[in-house]
Amino acid sequence: MSVLKITDLSIALPQGADRGFAVQQCSYEIAAGEILCVVGESGSGKSMTANALMGLLPEGVSVAGGTAYFGGKDILTVSEAEQRALRGDRIAMIFQEPMTALNPLMRIGDQIAEVFEAHKRHRPAERRQKALELIREVQLPDPEKIVRAYPFQLSGGQRQRAMIAMALALEPELLIADEPTTALDVTTQAQILKLILDLRERRGMAVMFITHDFGVVAEIADRVIVMRYGEIVERGSAVEVLENPQHDYTKRLLAAIPSGLVPASTEVAKAPALEIRNLKKTYRIGGGLFRDARVVQAINDVSLTIARGEVLGLVGESGSGKSTLGRAVVRLVTPESGEIIVSGTDMAALGEAELRAVRYKVQMVFQDPYASLNPRHRVMRALTDGPIAKGVAKEKARERARALMETVGLGADAVERYPHEFSGGQRQRIGIARALAMDPELIIADEAVSALDVSIQAQVLDLLRDLRRRFDLSILFITHDLRVAAQLCDRIAVMQKGKLVEIGPVSEVFLNPQHSYTQTLLAAVPGGGWGKAAQ
Amino acid sequence: MAIAVAIFSRLLKAAITLLAIAILNFFLVHAAPGDPATVLAGEAGAADPQMIADLKARFGLDQPFYIQLARYVGNIMTLDLGYSFRQGQPVLDLIMERLPATLILTLTAFWISLLAGVALGVAASARVGKFTDTLITGAALLFYATPLYWAALMAVLVFSVQLGWLPGFGYETVGSGYGGLARAWDILKHLILPALTLGLFFMAVYMRMTRASMLEVAQQDFVKTAKAKGLAPSIIRRRHILRNALLPVVTLAGLQAGQLVGGAVLTETVFAWPGIGRLMFESLAARDYNTILGVFLVSAAMVIVFNIITDLVYRLIDPRIGQKA
Amino acid sequence: QQDGGRLDLIVQPEPPGLMLGLVQNGPTQMVAGQIYEGLLRYNQDLEPQPSLAKEWEISDDGMTYTFKLQEGVKWHDGEPFSAADVIFTTKFLQDNHARFRGAFSHVESVEAPDDNTIVIHMKEPYGPFINAFEAGSMPIVPKHIYEGTDYATNEMNNTPIGTGPYTFVEWEKGSFIHLKKNPDYYLDGLPHIDDLYYRVVPDAASRAVAFETGEVDVLPGGAIENWDVARLTKMDNVCSTSEGWEFFAPHAWMWLNNREGPTSNKLFRKAVMYALDREFVKDVVWNGFGKVPTGPVSSKTNFYTDDVPQYPHDPEKAKELLKEMGYDGTPVRLLPLPYGETWQRWAEAVKQNLEEVGISVDIDSADVAGWNEKTANWDYDMAFTYLYQYGDPALGVARNYIESQIQKGSPWNNVEGYVNPEVDAMWEAAAVEPDNAKRQDMYTEIQQKIVEDVPVAWLLEIEFPTIYRCEVKNLITTGIGLNDGLRDAWIEQ
Amino acid sequence: MTFWKRFITNRGALFGLAILIAVLLLALLAPLLFPRGPWAMVQRPFLVPFSTDGLPLGTDTLGRDVLAGLVYGARVSLLVGLVSTVMALLIGVPLGALAGFYGKWVDEAAMRFTEFFQTIPNFALAIVLVAILEPSLTSITIAIAIVSWPPVARLVRAEVMSVTRREYVDAARLAGLSNMHILVRQVLPNTVSPIIVMASLMVATAILLESSLSFLGLGDPNIMSWGFQIGAARTVIRSAWWLSFFPGAAIVLTVLALNLIGEGLNDALNPHLSRKGRS
């Protein structure tokens, strides 16, 4: 018995968009109590489908054809008023960004109670009570307090739970979840996924779950459809699709996923490229004449070494101090104590001018491929500014820039283009080229692949592996994605709340974690079981 | 508690700023050519050097500059704004006499412009690209571009002189003997034209700001959430969009409310409104140092007070502020 | 004659204070002239009339002045007025009143033989002395309030006490001053009007509107710009008069700096006189009011003569003179009087006139304080001004042309720096000459000499029409006009 | 779409640009059109507009050609507007940039300084400054610049702060570039669009300010400006409405044009923000 039946759905994009149709000729159905995962690359039309079902398409985007039967009616053609009556009542939706999806100026309880108000359920006094019950149901701590709290007082995971509470308020028959966990860290993600599974059990609702993470798919999906460029390229049960993909694209997607396979640890060369000793960094936030500042120990007495030619993975959940450590090494953050020794010099002790002279030794590849290149400078300038400042002759620097562009696989001629003319993955390669242009001894890659699609992620990882081999580079690879870390690194360091809790060869850390925190972290990796099963 | 502490620290900072401003103003005002003695002597139509010397001694202008400055600073530290020799009255009294008129005018203008501006901005944003929107934005642009004093002149010409509906100038009917409600009504009638002309410009400002802000907030994720709940558009607009969109408007309004106090010089001049803007302008012409300095200080204090009020309002609207710490 | 009613007048600008003994500027005189009184008033022929003094006598040698005071006069607070107040006043004004100080420099002593008599003994005969007793020149102040206090900061300055026909009620700063009828006034049946409201309206156009809409009944001279005068006088039931300024006879001219620059050359100054189209200014800028002057003395003032060299508008002549002098085109600065649009237009017209004959002019700008500062310190080439004549050349004219009156720091004397010892001697002699016929001869000669030297460029005998509703009767009865006129005024109901 | 294409598809902006160009042309050609200058008394005073050949807008209180005054007034308005804006930018941009870039005490000091100027009401401060310096084209321009820079400084500071947090600035630091180099070559160029938009609006505000000062009698008496014309005509507004109407309309039009251009620039420079807002 299908709750929703979509037939030949097409969604037209406005003129000037990257293609004519966001979604083309899609048909599928969802049965009651079923979780359907919709996967696919970024921009494949996943969100548009969801928005169309909710009647929330952005301006300029419109349904071009097809039907979507829900409860006996084509919800694509019913009037706006009817659609509004369905929304929140029989179909509910959760969005990707828990941080911005709640009204910052309204109390959580009120925002939940609003759903009842919208559909004229219960008396105003009861709504509060109902909201409280819902908050309990999604297992938010201290419900009495949460009802009165404002969104900013909640963590991302808590907000997402509040969103779910809202979506469940009127016991919808269909829940649409558009990447509800993408913005959360692994441990929180695991909790939310569990919550959704529980609720499905108890309420028996149908769930359309949009994601691009196959780990998540493995964890929760009953059935899967794979989308690409607005079309469905593959469909089937979770097991079928994951284990026996038919379409080329699905195969490539799956192949590109960093497997949970743990490579044997490689032997590491002897001479250290970087030595960190007793590093400390404390942030003081807020505070003023009459207020105590909030103190955050972002790095709390961390010591570690990276050998020449080694890739050290630094993992840990959000806020554990990974970025701060990386930035301290390149002195974008000045630590208050400790030493950072790069080929004999203590970077932490240098003054502004001395620092400028040795800075080239450690370079960084940044997380955001869009924000890390100056939009007004051609690639050539991005690649030559540094070397020229360092004293390399202009002509030589230009030549080198061309050569590096070849190395990262973009072609020498690309130096004359502007950043916006490249895709995200290509920009990330430019970022790598820029780091290499300085002839560094050590590269810090801070979430260098997190913003990228799985397929592109794989390319960049390959590139890094290749470069490391060719230039004997040391890399400090910061990530929160354990799978990625496992693929590339020789050793893994685990951070929690500013402390280094565990460090060791990949195989040891993964297969035999010592610290309890490492264990939780590993357990939270979505689709953990599936990854190992593939082995 | 946090609020009390915040206000206290703000006040302390404000006091320091005020003192610095007072000193700067002192230099500024004394840099102007001429002095109150010569002006006063000049107006008498006859003066001899003795008279001017007498006046200077009386005003303390025969003292070295640094002593005058030290005295002035000493005075304001004890909250004494000094004495207006020209008007023969303590400056504070003079200002207090004039302040109510200014406050009535500027606050009325302020509220009219704020309420109307926000209302129009909401109306325009609700019908983006439609005729209503074009009409409202067009009118706002026009008000925005019209010199205030010119609008004032034209308003007097039309409503007071041609149509005779409203008094063209003044604060109330002089010597009418009205009391209570009759007086209030009388003042209100006098208030309409100046408050409207003063308010037009700001109304345009608020309208544009509200419209832009509404449109921007309407793009945000939580609005989509609200839609997904099945809320009616009018509720979404009021409860979700407007409240968030008001934040920048409040900031701007706070800035301008402060400025309004001293910024009504033109309106007060054209409409013969006995406020402190005019007092400032006239005292400047007469080089009545203490009075100008007093007006400046009071209006600077007003700016600061309004800033603090703005912050408080902001805290009321936005729970995020002040609670993080 | 009818009693009662209320009169709204304009006062412009707002006076700095109402204590006439301390502040003597125009607006103060206009309001405080109803509160305070002098010993005498002057009719429109500038003949003395009784005020606080009901009779007076000048000895034949001009050395003794005896005044009999009115009886039963009370101060507004009920205290009796007596000769002691007059004696006190002479001391009070010595400290605070520049013009009084000048006139009294000729006085040997003052005494009060009894409560109702004042006798003044002179050092030398001084013809113009009899013209120095009106309220603005010598306001009688209350001894019981001021004796032994610091005059300037006396609290009572804000609630002035005089003997005049109206008493002070209220002053709402920036808005109006309210006076009311003095019920105990010593002249029976006077005054007639119950309430006076002096309204402060800073903008000239608004003042015109105020009159039009009936809010204001009297527009004193200068209250509105000239362009509105013609329009308002055309309205029904509106009267206007140019009377009431005879005592002051405001005389406008342009100081030409005699010390330096092109203006130090007499040929240049003459060229300026020929270049100016003074009739045009009178007709266009002043709307036909006033009279083109022939020289330093106003035609309304005693001892005037028109038998002097004439300077008609003659650009060709001006050009010739400039050529003769060898003017090299050095630009000259022109400082207008910051008293409103009329004066600004006037400066523009003058500039245009001068540029037409090849003199390049930069208009300087300054507000009242800046104007005072610049003229008092001789930092100008040409500067507008106008001064009162106070009925006698010795009082109002001489100060602008004699060498001893070259005093840096004050803009009310010989600012142009004119030095002519011959003329100086004649001024001195004329002032103490008791015989009026002889004085006339002497002043005629002075006028001829000065006009020949052109130390300044005389522009206009200013006429300030007073505009009022025709119901208001007897508004102006003296040569001092509104400043002491409301004693006799009444409103037809 | 290129910037220019986006700009010219905006009808309002195009209209504004057309007006501004017209005003500019008139201002430039003034000496050719009216060789006798704006002050020449050419005819009887108070000639009604459209009644006399050669004097389409009539004459003023002294018989001067109102049209000539308007055309010459355009020069002053535009000059004061442009120069004061440039001056305000010269003060505000470096101050805001340093404050935003270096943060800490530099920021604190700069912002206190800025706050200082914002605490005195704008127009009052302008009046006092002009009175002190004595009215002249230079002093008026300076006064307007002094009261207009604080918002620039705040805007630039905010922009620089946000740009400085971008990763490409960190990258430039790692490349060993000097602070000045980073600020001037990397950061500032990325803040220009909002500054340009603000500048176009500042020119408009400056024109209004100049006219207000002139109206209060604080204009340069040697120079014909629109505010001067209105101020001078105020006293005859009853008998000769056109004397204040035309210059008033000229101000409204010019300021309107600049505002439209400013909005057009805003839309064209920030295509994301505007997509919805534009009609």
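Letters are used for the chains, namely A, B, C and D, taken in the order the chains are written, and counting of residues starts over at 1 for each.
As a working rule, a contact is a pair of C-beta atoms (placed from the backbone, for glycine too) under 8 Å apart; a residue touches a chain by one contact, two chains touch by 3 or more.
Source: prediction; values computed, not measured.
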Other chains in touch with both chain B and chain C: D
Centre-to-centre distance between chain B and chain A (centres being mean Cα positions), rounded to whole Å: 50
Calculate how many whole Å lie between the centre of chain C and the centre of chain D, each centre taken as the average of the chain's C-alpha atoms. 45
Taking each chain's mean CA coordinate, chain A and chain C are separated, in whole Å, by 87
Of all residues in chain D, which are in touch with two or more distinct other chains? 131, 134, 234, 237-238, 276
Where does chain B touch two or more other chains at once, residue-wise? 32-33, 153, 161, 269, 284-285
Every pair of chains that touch: which are they? A-B, A-D, B-C, B-D, C-D
In the complex of these two chains, what residues of chain C are touching chain B? 6, 8, 13-14, 16-17, 19, 23-26, 95-96, 98-99, 101-102, 152-153, 157-158, 172-176, 178, 195, 197, 199-203, 205-206, 209-210, 212-213, 215, 366-374, 376, 387-388, 399, 407, 409-413
Interfacial residue positions of chain A with respect to chain D in the complex: 59, 327, 330, 332, 356-357, 359-360, 362-364, 366-368, 371-377, 382, 385-387, 389-390, 431, 434, 438
Spell out the residues on chain C that touch chain D in their complex, using ranges where they run on. 203-205, 208-209, 224-225, 227-228, 231, 284-285, 336, 338, 340-341, 344-345, 347-349, 351-352, 362-367, 370
Of chain A, residues touching chain B in the complex: 54, 56, 84-89, 92-93, 95, 97, 100-106, 114-115, 117-119, 150, 152-153, 163, 166-167, 286-294
Chain A touches which residues of chain B in the complex? 2, 5-6, 8-9, 12, 220-222, 224-232, 235, 239-240, 243-244, 317-320, 323-325
